[in-house]
Amino acid sequence: MSCWQTVQDYGLRSLGIGERLLPKADFTLCQQFTLIGSGMLWNIYFGVLALGLGFFMATALALGKASPSPLIRKPSDWFIFLFRGSPLFIQFFLAYEAFVLLPRNGIDIPLGIVTLTAETRWLTKAWAGALIVLFLNTSAYAGEIFYGALQSVPKGELEAADAYGMTGWSKFRRITWPTMLRLAWPAYTNEAIFLFHATALVFFSGFPAWRQQGDALYYASYFADKTFNPFIPYPIFAGYFVLLTLSVIVVFGAINRRLNRHLATERRSRLRLRPQIIR
Amino acid sequence: MKRILLGTAALALSASVVSAEVVRMGTEGAYPPYNFINDAGHVDGFDIAVGNELCKRAALTCEWATNEWDSIIPNLVSGNYDTIMAGMSITAERDAVIDFTQNYFPPDPSVFVGLSDNIDLPHAVIAAQTGTIQAAHVAETGATLVEFATPDETVAAVRNGEVDAVLADKAFLAPIVDEDSELMMIGPDVFLGEGMGVGVRESDTELKEKLNAAIQSMKDDGSLNELIEKWLPGAATF
Amino acid sequence: MTSPDRNAILAQLNFARSVPRPVFDFCTDPSLLDDLPWLACYLSTGKHMAFYGSFITVLVLLAITAPIALAFGFGGAMAARSSFAPLRWFGKAYTAMVRGVPDIAFFLFVPIAMDQGLEWLRHKVKCPDWDLPVRQGNDFVVCDAAKLPLSSSPQWVHEGYGFALAVAAFAVVFGAFAANVLYGAMQAVPRGQVETGEAYGMTARQTFWRIVVPQMWVFALPGLSNLWLILVKATPLLFLLGVEDIVYWARELGGSKTSTFTYPHSDWRLYYFLALLVFYLLLTQISEKIFGRLSRRLSHGQATLGGEAQRKAAV
């Protein structure tokens, strides 16, 4: 069987398109590259959506944590403490156990005359359940980063905004928020990289694989178990992740340049590739 | 994954035997009543009872080690223990990698268990433990396979409605169905595999012969049937 | 969940053995007991003792891994600063690797690679006249004398070896993280300090050990405390290395039990995992408190913002 044929058969296997049964014997390098690559689609799906949604939640949490009202501050504090203080692995387990405990016929929500039945079964599937956990997790980490940046927004900029008569939403939208992002960006880039790494835990963590559709690590360990040889699938997996990490750095670097474009060249903060490790 | 737990079970079986040969017995420890970890924290069950008796008859010193199911064969092959007694059915696919003794438990049916018998099995969502004959069977029937690492999780998935049914050994599911009025067996029994045997490395012919002889002697004097009746009431005997 | 083969095992501090009989006298027939005594008996079974013992396993792993990882990190950071190019490249590559690849990949890979590597070396030394290939198809076959540990070894050796492999995997990964942090901290020591040392005629080695190393800790502390928290939060991954840790026991104990067991119950995994959550929240919370205190002590007398604030407060 040619390699191209293998790619056609298994390239989208992780999404359930192509051959139904996984290869069982006579594994080729091509099969390993194709299937592990196919699994990467899930890693990208989880990473992109969790980051995209988490960005807004994180902003809200940062503002909440900086709020003078304890009614808003305390819940934000606790949320961040809960998700930053415990292992993601445990969060996955707990979330799965909690989701399966939801009534299997759905929850009835009485809305006056009509009763709405909320379907809950989909929450136990990785595409939804794990995404929710990753989303909450990255929101907490990024929220803490944004909060730190918010505290370091220079007073002068805020006073200048006041002097221009800006208030409320327009001041936040045009001054506070862009500066906060600019300051937080290097740390946030780190968080993004580590969130993508965390997506490798999804199918190792209590969410079962349906129809043998899993992420890159699911297939890598499938091959390692079947061939008893870890020296091929794990390096392939690592190679894919290096590429993914480099793409994240390129995209976030471009955004960083845009955030800093108003500054004189020598004052622009270059995206440092080594600073704190977040997770 | 090698998982040797319970150093507990260093069973110096026959004190009179001076043989220094230690045979490490691998099991899963999560498949009652075949093998499980009892409340005292020791491995226990049908496999263990048979294994200990076999060691006694073959004059071997045996020590139990537990290992996760999905890597139980690789770790036998790489020498982390010397036998597998984990309710493992003899199949052609496994036989290609390791060797089996003659069976110590006759072919026993597998069965589907679900919350209602109103299930279209070929198109249903079926849970099975990863790497079992039942999982392979489901993957080939066209039903949707959902894999779990441990047997316990497959049953939990039926209870919480995540899947329509589970396919596993009847002797494992029977006590669970007896004690849970919600669960029921669905459809006819499914016959898979050629009974359960002790897995050994292909190069270990000497150990294999010793165990074969011991199993034969247990079959001959009826003591194997006694153990089956004790641990797996209602199951087929020799 | 699949969990690939690692030759790792676990060191299970074997509490089961040390509990020969029920802790409470009334536990002889649990099926007759009321709820409360039943629970007391249930929570004091040998299996639960093993569960409690596994918390110590986790703490022991942390206590052993942290200093080793710090040493790896120190070596990596020194290598990355080396004037000898190949050593420097090695140091940089080591510190870069954890950024590109998820740590979980290392945890799955390092133990088995180390195990096979060591066995292969011993095989070469101990069985020079072995003529079969070591890799036969799927099998990795070395002579009996080269096995690690020897199959005749007692159980605790097997357990200890597996635990050591797990420690090694953690040390390699967290060593790379620590190297990042320490490299940054060494660079952060004010250049003027080193120049002053040189002006006094110190060699490069002397300035490094007498000036850079003593002063870098205050700069390294935020990074190291962060790293400690990451290490704490990575310990559930021990479970994937085959170590019988708290996650393993929580799953084992929480699963529903039929009357084959002395204490039958339904699916209680949620409660066990909640207990683990509380354990980790406490551990991270206590760690943060300790690091906060340490940071105040280290800042004392330093030409940093924190040190300056302390000086002003004291005046």
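When the chains are written out, they are named A, B and C in that same order, and each has its own residue count from 1.
The rule is simple: a residue touches a chain if its C-beta (ideal position, glycine included) is under 8 Å from a C-beta of that chain, and two chains touch if they have at least 3 such contacts.
Just so it is clear, the structure is predicted and the values come from calculations on it, not from any experiment.
When chain centres are taken as C-alpha averages, the shortest distance to the whole-protein C-alpha average belongs to C. With every chain reduced to the mean of its CA atoms, the largest distance from chain C is reached by B.
Once the centre of each chain is set as its mean CA position, chain A and chain B turn out to be 39 Å apart.
In this assembly, the C-alpha centroid of chain B lies 33 Å from the C-alpha centroid of chain C.
Note on chain placement: the centre of chain A and the centre of chain C lie 25 Å apart, centres being C-alpha means.
Shared contact sites, meaning residues of chain C that touch two or more other chains, fall at 1-5, 138-140, 240, 269.
With touch defined as above, residues shared between interfaces to two or more other chains in chain A number as follows: 101, 208, 225, 228.
Among the residues of chain B, those touching two or more other chains are numbered 70-71, 74, 77-78, 148, 153, 156. On the side of chain C, the complex with chain A involves touching residues 1-5, 95, 99-105, 108-109, 112-113, 135, 138-140, 177, 180-181, 183-184, 222-223, 226-227, 230, 232-237, 239-240, 247, 269-270, 273-274, 276-277, 280-281, 284-285.
Interface residues of chain A facing chain B in the complex, by the touch rule stated above, are 20-21, 24, 100-101, 104, 121, 124, 208-212, 225, 228. Looking at the complex, you find that chain B touches chain C at residues 1-8, 10, 20, 22, 24, 30, 32-33, 36-42, 63, 65, 67-68, 70-71, 74-75, 77-80, 82, 97, 130, 148-150, 152-153, 155-156, 159, 175-176, 179. Per the touch definition, chain A reaches chain C in the complex via residues 81-82, 84-90, 93-94, 97-98, 101, 193, 196-198, 200-201, 203-206, 208, 217-218, 220-222, 224-225, 227-231, 234, 237-238, 241-242, 245-246, 273-279. In the complex of the two chains, the chain B residues touching chain A come out as 70-71, 74, 77-78, 93, 127, 131, 139-140, 144-148, 153, 156-157, 160-162.
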